[in-house]
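A, B and C are the chain letters, set down in written order, and residue numbers restart from 1 in every chain.
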């Protein structure tokens, strides 16, 4: 055959094909909220990835400058709407540091119990959603949600609402535990390991999960520390930094628990870290439920209305289920904060999304995003 | 063997599937609206105003102190004070609200209005089947729609309501005893005049 | 962690020409901060990250703060001639605080598990000279947060790899978090009958406002 009979399309050199620009748009079942990724693909391989968000931006920081300190507490529920009690605790702790209030011991124990229950619901929801992104069509998700419902029922009987709890106050907690709540929680904590074993036998040995997550989205410890990644994502790379151990805020210094660390920093490590953290949370819950003292639940010096902290500023942080959740408050002596800033873990963890996804296929990009564990209420505030 | 993990997982799924026929813990679906979950005492959705007795407007506990309007974070309460005063449960004349509107499309069920009310006049309701077609008319509840009797409050939040009732009875009894003592102290100056 | 005075001395020794001031914090939280000058901020940041004793390898939070100009009336005692006698008289004098935009950085150390160290950078004024050096080449975690300060406050960061709006849409022109931001008239779509919100929203409803 002479050269003139070869069709012109095949005669072009292979390196001259075009890149495909895809907008994994804001409405998508696997983007964990209204989150958009502008992905440039070379075939199926990701060449460039830019996250775009701001679709849920409600400017909570400006609303807080108009509300009083107590008035922005219900708004903090709506930040990371899956874990509302840890958001409440971070804000209450920051205002307590600013105003010089001290919560009594029983309140601190209640806070630890609720925060560890929140960690359980967040990690089980995450494990369910990660599997959903991989195409497991809802079975692990519904198993995780079955256990989550039991914990949400506990929250409802204590705080009055399942998700938007609005329970912590400056100087303690809003109301005391109703009778029988501790027994119900002890029951739940005793039955939870059985669920975790069932979940692990369903998933961890699954070859499809292992093939899709091992070696995918590897993050090096140096990049993770420099990019400000915190929470289970950081510990999956092997860096030992858990604010519950470093700052020992509240009464966390009294509990005996380990911090699981990963080795390779890929998606499978992040998934396993969360399962192991759930087991450690159960240990903390056992100890807290056993040792909870009686007594008052509010600081007698704390006022509900008209709280006016002295002028100054403070930065307070906790180990939320997603990472370091921090609040930075500047007070000018009035009833409203002068500057109210939230340090959102989901937003900072998204900084290296592009670095993790380069070179992987687009299907892996979805799985990597699922393992970062973002909640748009927190990213956009 | 390759695939053993998947098979173990399938065994779990099968166990749940078969178990849902005879184990109440495995079958977790509630067939709403035929079946409804029992209400929880502390649950909160939108606020309502409590009134004592039969007449909703005369027995309303609210004294229009506007503390709830000031403390409400999304500013969904709108109060206008009335010029006419009415007696409360101990007999003292109190201000009453002429207009008390709550926009429940804005209300975020935080319960701060309930916490700061000094008169136990506004409490959290548990109704959640509130959807209507008209966003602006039907979702703005006024005083008459918000007022619910004290018996309803006792049915919803038993411990809190009975505690408040006991306290109010005590206050009423004390006020009546004080009024009787004052009336008795006012009578003797007239008696010497009548005895002579 | 060393005290703030020791850190200040070491910074001034390591980065010649850097001007560092300690800004006190009067709340019970006791977190004073260091005010850096704009010219040497990047060099100071690199010293803080690379120094083995301090090892501030983790920038946790980058915040923007708006300080508009405030007029403070103060009563000060001044010696004045009243008639023939020199007396001490109280006079009311007005003082204007400077107006600037500020970026506050909170640094922690993951290697040594100490912190926080708080850095402040201030712009010249709020109107036209609003540039600050970007610390993103030193700590990658500042990337999105500096974009947010640019988006919501209008501070331009020199040296930032990708400075564009992050939370607002790209065609938006104003800076929402500034203290003098005016909301557009039809901002609240649900007119709960609160006076000025209702009157402003009413203009935008065809055929009269509901409720």
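Going forward, a contact is a pair of C-beta atoms (placed from the backbone, for glycine too) under 8 Å apart; a residue touches a chain by one contact, two chains touch by 3 or more.
On a predicted model such as this, the values are computed, not experimentally measured, just so you know.
**Q** So, comparing each chain's Cα centre against the centre of all protein Cα atoms, which one is closest?
**A** If we average C-alpha coordinates per chain, A lands closest to the whole-structure average.
**Q** Which pair, A-B or A-C, has more C-beta contacts?
**A** Looking at A-B and A-C side by side, A-C shows more C-beta contacts.
**Q** Provide the C-alpha centroid distance between chain B and chain C, rounded to the nearest whole angstrom.
**A** Here the centre of chain C sits 44 Å away from the centre of chain B.
**Q** State, to the nearest whole Å, the distance from the C-alpha centre of chain A to the C-alpha centre of chain B.
**A** Measuring from centre to centre gives 34 Å for this pair.
**Q** Hey, how far is the Cα centre of chain A from the one of chain C, in Å?
**A** Here chain A and chain C have centroids separated by 27 Å.
**Q** If a residue has to touch 2 or more other chains to count, which residues of chain A qualify?
**A** none
**Q** Using the touch rule from the top, collect the residues of chain A that touch chain B in their complex.
**A** 67-68, 70-75, 78, 139, 143, 146, 149, 153, 156-161, 164, 166, 174-175, 178, 198, 201-208, 210, 304-305
**Q** Please give the residue numbers of chain B that touch chain A in the complex, ascending.
**A** Going through chain B, the ones touching chain A are 2-6, 8-9, 12-13, 16, 28, 40-44, 67, 71-73, 108-112, 115-116, 124.
**Q** Flag every residue of chain A that touches chain C in the complex, lowest number first.
**A** Touching chain C from chain A are residues 53-54, 57, 59, 61-62, 97-100, 223, 225-229, 239, 241, 246, 309-317, 324, 326, 328, 330-331, 339, 341, 343, 347-348, 350-352, 380.
**Q** So in the complex, the part of chain C that touches chain A is made up of which residues?
**A** Touch list, chain C to chain A: 25-29, 31, 57-61, 63, 65-66, 104, 106, 110, 113, 116, 118, 139-145, 165-169, 176-177, 181.
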